[in-house]
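Both complexes below contain chain A, partnered by chain B and then by chain C.
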Partner chain A sequence: MNAWYHEASVMTRSWGVDHPLVLALGLLALLPLFANVFIRNGIPAIAAFPPDPLSRVLGGGLRLVSALAILALVAGLAGLHRRAQTVLREGTGAHLVLLLDRSSSMDNSFADRAPSGDEQSKSSAAKHLLGEFVAGRPHDRIGVAAFSTSPMPVLPLTDHHDVVQAAIAAIDRPGLAFTDVGRGLALALSSFADDTAEASRAVLLVSDGAALIDRRVQDALRDAVTRTPVHLYWLFLRSRGAKSIFDVPPPGEDTPQANPERHLHLFLQSFGVPYRAFEATSPQAVAQAIAEINRQETRPLTYSERIPRHDVARPAFAVAALCIFLILLAKLAERPLRRTGFAREATRPPQAAPVIARDGQRRAA
Partner chain B sequence: MTLLARLLRDWRLTLTAGALLATLAALAAPQIVQQREARDLLLVVDVTGSMNVRDMDGRSRLAAAKEAAQALLAALPCQSRLGLGIFTERRTFLLFEPAEVCENFAAIDGAIDGLDWRMAWEGDSYVARGVHSALAIASSLDADLVFMTDGHEAPPLAAGTMPPFDGEPGRTEGVLVGIGGTEPVPIPKYNEDGRETGFYAESDVPQENRMGPPPEDAPTRAGWNPRNAPWGDEVAGGTEHLSSMKAEHLQSLASQTGLAFVPLEGPIALSTAVTQNTRPRLVEVAVDTAPLPAAAALGLLSILFAAAALTSRRPERLPA
Partner chain C sequence: MKVGDDSLSPQPIAYRLRWRPEGIIPGAHPGRGEGAEGEFRRHVDLLRHPDPRRIDLRVSLRDPHGQLHVRQFSPRRAVPVAALVDLSGSMRFGEAVAGRVAEFAALIALSAVRAGDSFALFGCDAHLRADAFLPFSRRRGLDDEVRRRLTGLRPQGAGSAGLIEAAGSLPGRRALVFLVSDFLMPEAEREALLDALWRHDVVPVVVSDATLEEGLPRWGFIEMGDLESGAARLVFMRPRLRARWRAAAAASRRALDEAFVRRGLRPFHLRDRLDTEALTRRLMEG
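Take a look at the complex of A and B:
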């Protein structure tokens, strides 16, 4: 019983029909058990015929072929198909969460003013380059999260990059007020909570600034990174006049309040997971940093590739056509029992003349 | 006897040949291209505090909105596109642009599931302005709008007048979906850790909008002073701390912006309303015509064997 159920579940996992109710018509396949396509011929006694195993086999075969023709037509009508499958393949890539800053400062250019002429805003530079980055990594599973005043989950990890591109396309819309990086990071890390795959996991933080991270959020982040080790990349879009995250300010000025970006950098370094920060001061520098991340995140990855559903309605109709052709051949090979005129005339009274006439025609054929 | 004569005289042969022809026709049947209506939608969900009210059969309005949105997503035909935004404060924030619904179903479904009141960046809820900005975004995306809200303005509209709409009414079509019950009920209150701590009291929320010029009846109020107390000197009282679906307000907002207003009743009613009030985009889908001749073939075979079974029964007595 269990084995049957298992077999059936394997079948239905890989095969399916569009209209299951149509399958009930499969009962019609019982009809050929009760009938065949040949003209009924009355014979006086079964003993008059010698046993003929070949005819029996052919007769049984024709019944089977007839039933198969009906079943094949029903299967084709029900829309039998092999379901879309996912196969696991080996490739290179990563499970990646894009954590995007949607604060309003991203709407400014790298010179930190409203973009004019052919200047690009930071968000639109990031949009184009991230779009290309995602397009160049077909095997990645990508999730998107955004943060500003509050963290916002945008997309769960997905293989479908159309919707990821749609989310990236939305980042040059006007942003919100603040930059709550800490809770944004916590959200990005939580995206991996259900991700049990043995893949390289990475968070790519794209922001143009940082803010103080609450002590409690810091602790929560350390916990989260310990639980789900990730690779961290920070693409810091530095505006003109902002301090570099790599410069050490003079003693006494090196406080998180004065240099939140530098202290976020130090904080991320302190996690003890692979971490790289890129400081980009122009769209070209962003492109270089993204190329570097692309190069780094090329670890082996087992990714699933989808094989689309495969309809077998046409092959089913072809089988039906072949079966019906065989039936037709058998039918064309049919010859009526040769009835000798003598036997007929001897058993029939003379008024049955029209019948004889018809039989005569048949013989003539 | 010629084949034709046999075909004419022996119905079994006729039916078999007919079934073969029909099956061959099914094999050769072309795919015809049919036009189907797909939709491009921008779905905006209100995530303000009043959406936490649990008056949708015990569930919160936001939970009901998410469920309705997921049902709408499932009901959209393939090649439709759906984008997602959230509304709070005074504008709509686009999470992602419209993306094809069938290919990206799991991701979009997961994104709708991930909507949460904690995504709100401000406590204010200027619903009318949120709808106006959602319309601007939808029109820039060339999509129609489905805006799910309870219509609770917080703070209340200044002097009860609707903010002016800059856009062109009716340029973007769509539906305002009203979510919530008709009875005013208290709004749950959350602390900064996101834990529920009770309900908003009358004094917790602004009962009157005191931005801009005072209303015309202000001089009749107690303690009115044009400079020191232009709204009178009494604390405004009211029922703004209770929330119900503001059908009247949403109706007038809908007529101002050329949208349709539909209270959320059920998932099927919602997708019907969306279909009726959004612009279709004709897409081409290939339809297989093979089932028609195949069904004919199956019919012919069934008739053949059924009739053969009936006529080939051994007679009660031999023919005389």
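Take a look at the complex of A and C:
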């Protein structure tokens, strides 16, 4: 009883109907047990004929199909639907914020000039590769933020990957002026503020340059990273001629003003959280870097999936229509018993007339 | 239709018996015992049959021993004729009872009455049915009565125990009994019925319908319902199954004929329609 009740409560939690009273019509599904669509031909003794397994199977099948048609119709009329619900699922993935540089230099190719011919701009290379990256990680919750002169929140962390794809598709729009990495990072970190899940968190910074970070912003970032430990990835799209972030310049030139990228690298290293920087000088290098990130960020993840209300009425009606079509086919395949014997008998004139006449005569006599 | 025009009304048919009926009621059939008139049987000695009115002079003069010969005759006797009609649900098929069975029984009643025999109708399903019962009588118009009774009723019910019941209420002397049925009852029941009719001259009248063999479709669904038990069966008919069914029907017909032959009975087949000529031939054979 208890188990049954449990099953039933699970059923009603996930499935529902709009008009419960209509379900009473489901009793009509017993009707095919007693009647069918065929005209019954009475014959003297059915036992005289040998049984036929194929006919029996077809008859049972038709009965089943008829019952199913009625049930499906009732389910459709009652408005059967699966309730909207959220389901916790296990997968591998991460909570990821893509922090995208929207400065105008991203519109240039890796050779640092306006793309011509079959050259790709940095932003469009990033767009394609990030799009594939996101498509390959279906269980991630992904947020998107951009920065230029000031940070721009684009998407909070979300499961809806089509939105994410749309956001990524928009990054090769013509960019804006400058690069304010510090406040962008702060925005990206703040995306995790109300994320309490035990998932691996990562920020993927995609930029082609850096700028000096204000000391106050630096402090704020250190605080934020301490509060919400994240994995940091920096995909540095290095233009030809730009200095590498890994090269140690000669002493005296190693100042943040001269080498903002290298000093951002050092600053990110100083957080004490897992951090990797990838220097990409071509679309192929970007692809390799993204594959590497993809490999790194595969931890078990409990994610919740929100399933919207799903109406089953339409499929139910489709099933009913199919069943009725099958029954119709069977009905069209019905052939009557051809009356050969007494048809002639019946068309003969009745013999009662002379009988009555003679009776009348006798009575009159 | 003109009153008295009987061109459409059935003509009586004659029938012969292979046995000599007992009884005292004069009729048309050569009976048992010795009579003074009727069908000539033999010559006997005057001393054995002292009836000088019947002396056959020609035969007596031809006799070298000079004996006097007397003609002896079989008395003409009437015979009770009964029709036992199975009215179980299966006889509803093809309006058999209202059609050819009524026609047949009326024809037999007419023939019996015209021949001076008494006729009785016993309609039975599980019991003897009062609305299809006519006691032995030889009044005129009996055939109309028989036809009216049989056309007006609806065969229903299962089993044919009523036929055995009716067999018990037949007269104690040998009678001519037409047993009208489709004989689709179980074999044991059929044997019990024929056992109960041992005393009488039984003519099994097998009602059958060619529809069940000729009228089956080659392909397609057909729903069959048993007229007696009400059991229904959906059949997907196809040429092979059709052939099997027809073979089964033919086999059961053959088995029935063999069962009758074992008892020395010669059935009359009332298939699809009453064939009056065939009936006349069968009855004149005795």
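Here is the rule we go by: the second predicted complex is superposed on the first by the 224 of 365 C-alpha atoms of A that agree within 3 Å, B and C clash if a C-alpha of one lies under 4 Å from a C-alpha of the other, contacts with A are read in each partner's own complex, and residues count from 1 in each chain.
Throughout what follows, contacts are C-beta pairs under 8 Å (C-beta built on N, C-alpha and C of every residue); 3 or more make two chains touch, one makes a residue touch a chain.
None of these values were measured; they are calculated from a predicted model.
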More chain A residues in contact [chain B versus chain C]: B
Which of chain B and chain C A:G76 touches, first, second, both or neither: first
Which of chain B and chain C A:A258 touches, first, second, both or neither: neither
First, second, both or neither for A:L31, with chain B first and chain C second: first
First (chain B), second (chain C), both or neither touched by A:I39: both
First, second, both or neither for A:V248, with chain B first and chain C second: neither
First (chain B), second (chain C), both or neither touched by A:V10: neither
Touching partner for A:A166 - first (chain B), second (chain C), both, neither: first
Touched partner set for A:P50, first chain B, second chain C, both or neither: second
First, second, both or neither for A:L266, with chain B first and chain C second: neither
Intersection of chain A interface sets (partners chain B, chain C): 36, 38-40, 42, 331, 362
Interfacial residue positions of chain A with respect to chain C in the complex: 36, 38-50, 52, 54-55, 58-59, 62, 330-331, 333-342, 344-346, 349, 351-355, 357-362
Touch list for chain C against partner chain A, complex: 1, 3-6, 8-9, 90-96, 99-100, 103, 141, 144, 147-148, 151, 182, 184, 209-212, 214-217, 219-229, 231-237, 241, 244-245, 248-249, 252, 271-273
Chain B partner contacts - residues on chain A that touch it in the complex: 25, 28, 31-32, 34-40, 42, 66, 69-70, 73-74, 76-77, 102, 144, 146, 148-156, 158, 160, 162-167, 169-170, 173, 176-178, 313-314, 317-318, 320-321, 324-325, 327-328, 331-332, 362, 364-365
Contacting residues of chain B [partner chain A, same complex]: 1, 3, 5, 10, 12-13, 16-17, 19-20, 23-24, 26-27, 83, 86, 93-100, 103-104, 106-108, 110-111, 114, 116, 118-122, 137, 288, 290-291, 294-295, 297-298, 301-302, 304-306, 308-309, 311-312, 318-319
